[in-house]
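These are the structures in question, set out in turn.
First chain A sits with chain B, and in the next complex the same chain sits with chain C.
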Partner chain A sequence: MDLSRRDLFAAGGKLLILASVGATFEQITGAAPPSEAYNMADHWWGMLVDIDKCIGCGNCVRACSRENQVPKGYFRTWVERYQVGEDQQPQVDSPDGAIDGFPPNTRAGVKSFFVPKLCNQCKDSPCVQVCPVGATYVSPDGVVLVDKNYCLGCRYCIQACPYGCRYLHPDTNTADKCTLCYHRLAQGLTTACCEACPTGARQLVDFKNPRDPVHEFLRRNKVQVLKPYMATGAKVYYKDLDGSVR
Partner chain B sequence: MRQFLRDSGHLIRPAVVLIAGLAAFLVIRTALIPKAFGKFGHYDAASLDVIRQHPISYAGQDACVMCHDAEAAMRAAGRHARVSCEACHGPQAAHANAGDPSAHKPALPDVANLCRRCHEKDAAKPKDFPQVVTAEHSGGALCNACHQPHNPHL
Partner chain C sequence: MIPGVDGFMYPNEVELQWGLLIVLYPYITGLVAGAFILASLERVFKVEAVRPTYRLALLTALAFLLVAPLPLQLHLGHPERSIEMYLTPHRSSAMAMFGFVYLWYLMAVLLLEIWLEYRADIVHLAQTTGGWKRLAYKALTLGSMNVSPAARRIDDKVGFAVTVIGIPSAFLLHGYVGFIFGSVKANPWWSTPLMPVVFLFSAMASGIAGVLLLYMAAMKLKKMPIDMPCVDTIAKYLFYTFVIDFSLEMLDLVHRTYEAGESFRSLDFMVHTRLWASHVILQICLCTLAPLALLASTQLFRFSEAKRRGLYLASCLLVMIGIFAMRWNVVIGGQLFSKSFLGYTSFKVQFAAREGLLTAVALMILPFVIFVILVKLLPPWPEPEPPA
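Moving on, here comes the complex of A and B:
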C-alpha cells in the first residue's frame, strides 16, 4: 500500500478526533447507578456519646476491630480513662486502646470517667481539605471515607486530623479510619461499636430522620463536640463532657 | 486563492498537530479518570460501593432473636435487657447467615474475663452501675456458678 506521510497524518488525526468525541460522550452519559432502597440524600449520620453511661469495658474497641479487621495495635475507636484532680490537669490512660478494658483504677480523690473516641465525621473535615488527590471525602450521607485506590499514603490527612483518628494501614500503606461501619448503614444495621455497647453509651444517629431520638436528645441535654474551636463541624456529640477532655 | 492556500500551509500543519495533541490528551484523560469521578464531589463515587461491599461480622440483635426465643425472653425480663446478644457472644453473622446455622456453632464466651470487663470495680464507672471487686466477691468461682448471665439475678 502506498501511504504518504500526509495521508498517514490525516488518517491519524481523524481517528483521534473520533475517539475523543466518543470517549467524552461515554463519560458524560456514564452508566446509570443501580437504583436501591437506600437513598444517600435522605441520611446524615453522626453519633451521640453519653459519658455517664460508659463503663470502659472496651466492647466497642473489640467489636470495631473484628468487624473491620483493624490491624493489631491500630484503632478506629478507643476508650480513654480520665483522672482529673483539682488543678483540672487530666491524667489519661488507654492501655492498648482499652481493647481488653482497663486495669483497676487506683487513684483516689479525683474525678474519673471514660471517654470513647472515634472519628467525629466532620462536616468541614481538615483531613478532606488537605488530601491532594481526592482520596478522602465526605459522602453524601455525611461519613468521612477513604478511597483506597486513590490514596497515595502521603499521611497529610493523618497529621491534619485534630482528633488523631487516622492511621496508615500497615498492609495497604493507605490512610485508614472509622467508616462509621458504612457497609452496615445501607443495610439498616447500626455500627458494630453501637451494637456491642452494653450500656447504650454510644448511639448512631441520623440527623435527617425526623423521628430519630437525636433531636430530642440535643434539645434536652448539655452536649459538646470535641475541640469546637477547630470549627470542623464534628458530628459526634458528647453528653456531659468535662472541660478537661482534649 | 491558490496562492493563499499554498502559503498558509505552514500554519495549517502546526494547527493539525495541536488539535491532534489536544485530542490525544482528551482520550488519555478520559481513559484514566474513573467514570464516577466528580459525581458527588472531588472523588470517585464508585468507591462508595466498594466500601459498602465490606462483609458484615455482627449480625445485629434482630437476627439473633429471630430464632433464640427462650434466651431473648429471659434476657428481656432481666437487668441485661438492653445488652445485645453479640455484646457478649461476639460477632455471629457467619452463624446467623449460614444456610445451616448449627454448622457454625458459636464458641461460648470466656466467662472469667467477660463479666470482669464490665463489672470490675473502677472509680471511673458510673456510681449506679453494679460493680464488684472480683477477687473478694466470689473467691475464684466463675460468675455463672451463681448468676444466670441472661438474667443475672441470684
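Moving on, here comes the complex of A and C:
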C-alpha cells in the first residue's frame, strides 16, 4: 500500500481524536457500558471521589436532584466545604446541600476543600440490618436500594445510617436515598452526578469489571472511606481524605 | 443559616425522625413491664405485703400494654403495612421482633395470668349477673366453669408458672426496647450495652410508682383505707429499684466522661445547652435526686402515716415525670446532635399533628380509660355487698 507522509499524519490524527473521545467517554462513565443485557451478578458498584478535583460547583447536587426528583430540602447527594486551621477543628458548611455552590471562603489562612457526600453503598449496611421488613436491601450488584412499596416508614434505617444519607420522602412517606442512579446503571450509563461533574471528581466504578480503572486507581493512590471504624463495608472511596472529615 | 441549627448538620439530619410518640413508646412499655414485675413480687417472691396491689398491677399492665403499639402505629409512614412485620420479618432487625415479643407478652403471659387469677370471679359473675354482662362474663369463662378447690389449685399452679415465665418476658419486653436504641452504633448517645439494663430498671421504677399512685388514688375514690404496710413495702422496692437505675445511669455518665471519646465533646456540649433543662434540672435533680431523698427519708425516719402517704405521692409523681424525662432525653436528645459531631438541631413539639402533643395526651389518657373499664369488668377488690 502506498501511504504518503500526509496520509499517515491524517490517519494518526483521526485515530488520536477517536482514542481521546473513547478515553473521555470511559472517564465520564467510569466503566465501559455493558454491551449485552444487564446482568446484576456481573457488577459490584461503588464510587471513587477525588477530593482535590472537587471545585464545589454543586453541579452534581443539581443533576441528582433533577434526575431523581429529589424533594426540596432533602439530599441524595450533597457537597460539604471544610475549612480547617492548625487546630484541626474543622468549620464545615453546605448551604442547601451546595445545590447552588458555595459563597466565598470566610476564613483566611486555613486549608479548604470540598467533600462530595452520598450513600456509601455499604456492603454490611446498618440500614439494611435494621429494616424490620427487609424493604431496604443490597442488590446483587452492590447497590443499597429501598422498595418504596414495602417500606413501613418507621425511619429506623435513617437513625442507623452513620452518614446521614437517608431521609423520609415527604410524598411517599418511605425512606429514600441515593440509588447510584440504578435506572441508569442498568442501561449502561453512569450516574447523573458523575456525568455532571466537570472535573471528574466523582467516578462510578465497577469492582467486578477487570478493565475498570478503579483497580489501577486503588493500587496507586491512598484512599479512605468515611468513618472506617463503623465497619460498614463502605464502597465510596475518597482519595486523600483529610482526617478532619466526618 | 438554618433556623434552630447551630454549627453543621448533615443536610438530612436537620429534621428529627422520631418525635414525641417514640418517646411515649418506651415510656408505656416500661410501665407495663414495671407493673408486671411488681405483681410478680407477690406471686413468685411471696411478698405478701403487696397483695392488695396484685390484681391492680396486672390490670395496669394490661391497660398500658393494649395501648403500647399505638404510638408506633401512628408514627409509621405506612401504618397499613405494619402487618408485614409479622408476615415477613427481617430477622436481622431488632425492631422486627417487636410484634412477636409484644404478642408473646400479651397472649402468653398477661392475658393468661389475668384469666387464671380472675377465673373463679368470672364464673361467679357469669352466674350472678344478667343481661349483656352475663353474656360477656360467660364468654370470658371460655367454657371453663369448674371452680372446685382442685380446679383452683391447678389455676394457682399454672398461674405461678406463667408468672415465673412472665418475669423474664417482662425483662425481655423492655430490655428489648432498650436494645432497639442501644444497638444503633451510628448514634453514640444511644449506643451502649447498658441501655437495655437502664431501660429495664427505669421501667421497673416507673411501673412501681404508677401502680402505687393508682392504688392510692383508687382507695381515695372508693373511700377505702390505704393498706399502709402495702404502700410502705412498695415504696421500699421503688427506692431500691430507683437507686439501681440511677447508679446505672451515673455509671454510663461517668464512663463516657472518663473515656472522653470522639463524641464526648459534642454530647457534653449538648447536655450543657439543649438538654440542660430536661436532663440535668428536670431528670437528674428534680425527678431523681429529690424523690430518692424523699424515699430515703421514709426509710431513715419515722413519719406519721399521713406524712408518709404525702411523701410517697410526691415521690411517685416525680419518678413518673423523671422517667418520662429520661425517655425524652434518650429519644429526642439522641437526634439533636449531628453524627458529624459538628452541630446541633432543635425540636419543637407540634400541637395538633399526627405526632403532636394532642395525640400524645390522648394516648396517655387512653390506658386510664381502659384501666377504668377493666376495673369495672374485673374488680380488683372485693365489692361491698349491696344493701338488701
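By our rule, the second predicted complex is superposed on the first by the 210 of 246 C-alpha atoms of A that agree within 3 Å, B and C clash if a C-alpha of one lies under 4 Å from a C-alpha of the other, contacts with A are read in each partner's own complex, and residues count from 1 in each chain.
Basically, a contact is a pair of C-beta atoms (placed from the backbone, for glycine too) under 8 Å apart; a residue touches a chain by one contact, two chains touch by 3 or more.
Only a predicted model underlies this, so the values are computations on that prediction, with no experimental measurement involved.
Of the two partner chains placed by the overlay, chain B and chain C both lie in contact with A:150.
Number of chain A residues touched is higher for B, counting chain B against chain C.
Once the two complexes are overlaid on the shared chain, A:173 sits against chain C while remaining clear of chain B. Of the two partner chains placed by superposition, chain B and chain C are both touched by A:134. Common to the chain B and chain C interfaces on chain A are residues 134, 150. By the touch criterion given at the top, residues 16, 19-20, 22-24, 26-27, 30-31, 33, 35-37, 40-45, 47-48, 50-58, 60-61, 80, 82-84, 86-88, 90-91, 113, 116-118, 120-126, 129, 133 of chain B touch chain A in their complex. Residues of chain A that touch chain C in their complex: 74-75, 78, 80, 90-94, 96-97, 117, 126, 128-134, 150-156, 158-168, 172-174, 230, 246.
Partner chain A is touched in their complex by these residues of chain C: 8-13, 15, 17-18, 72, 75-79, 81-82, 84-85, 88-90, 92-96, 98, 180, 184-187, 335, 338-342. Remark: chain A residues 9, 12-13, 16-17, 19-20, 23-24, 26-27, 30-31, 33, 40, 52-53, 55-59, 63, 66-68, 81-83, 100-102, 104-105, 107-108, 112-114, 134-140, 145, 147-150, 179, 182-184, 186-187, 189-190, 192, 195-200 touch chain B in the complex.
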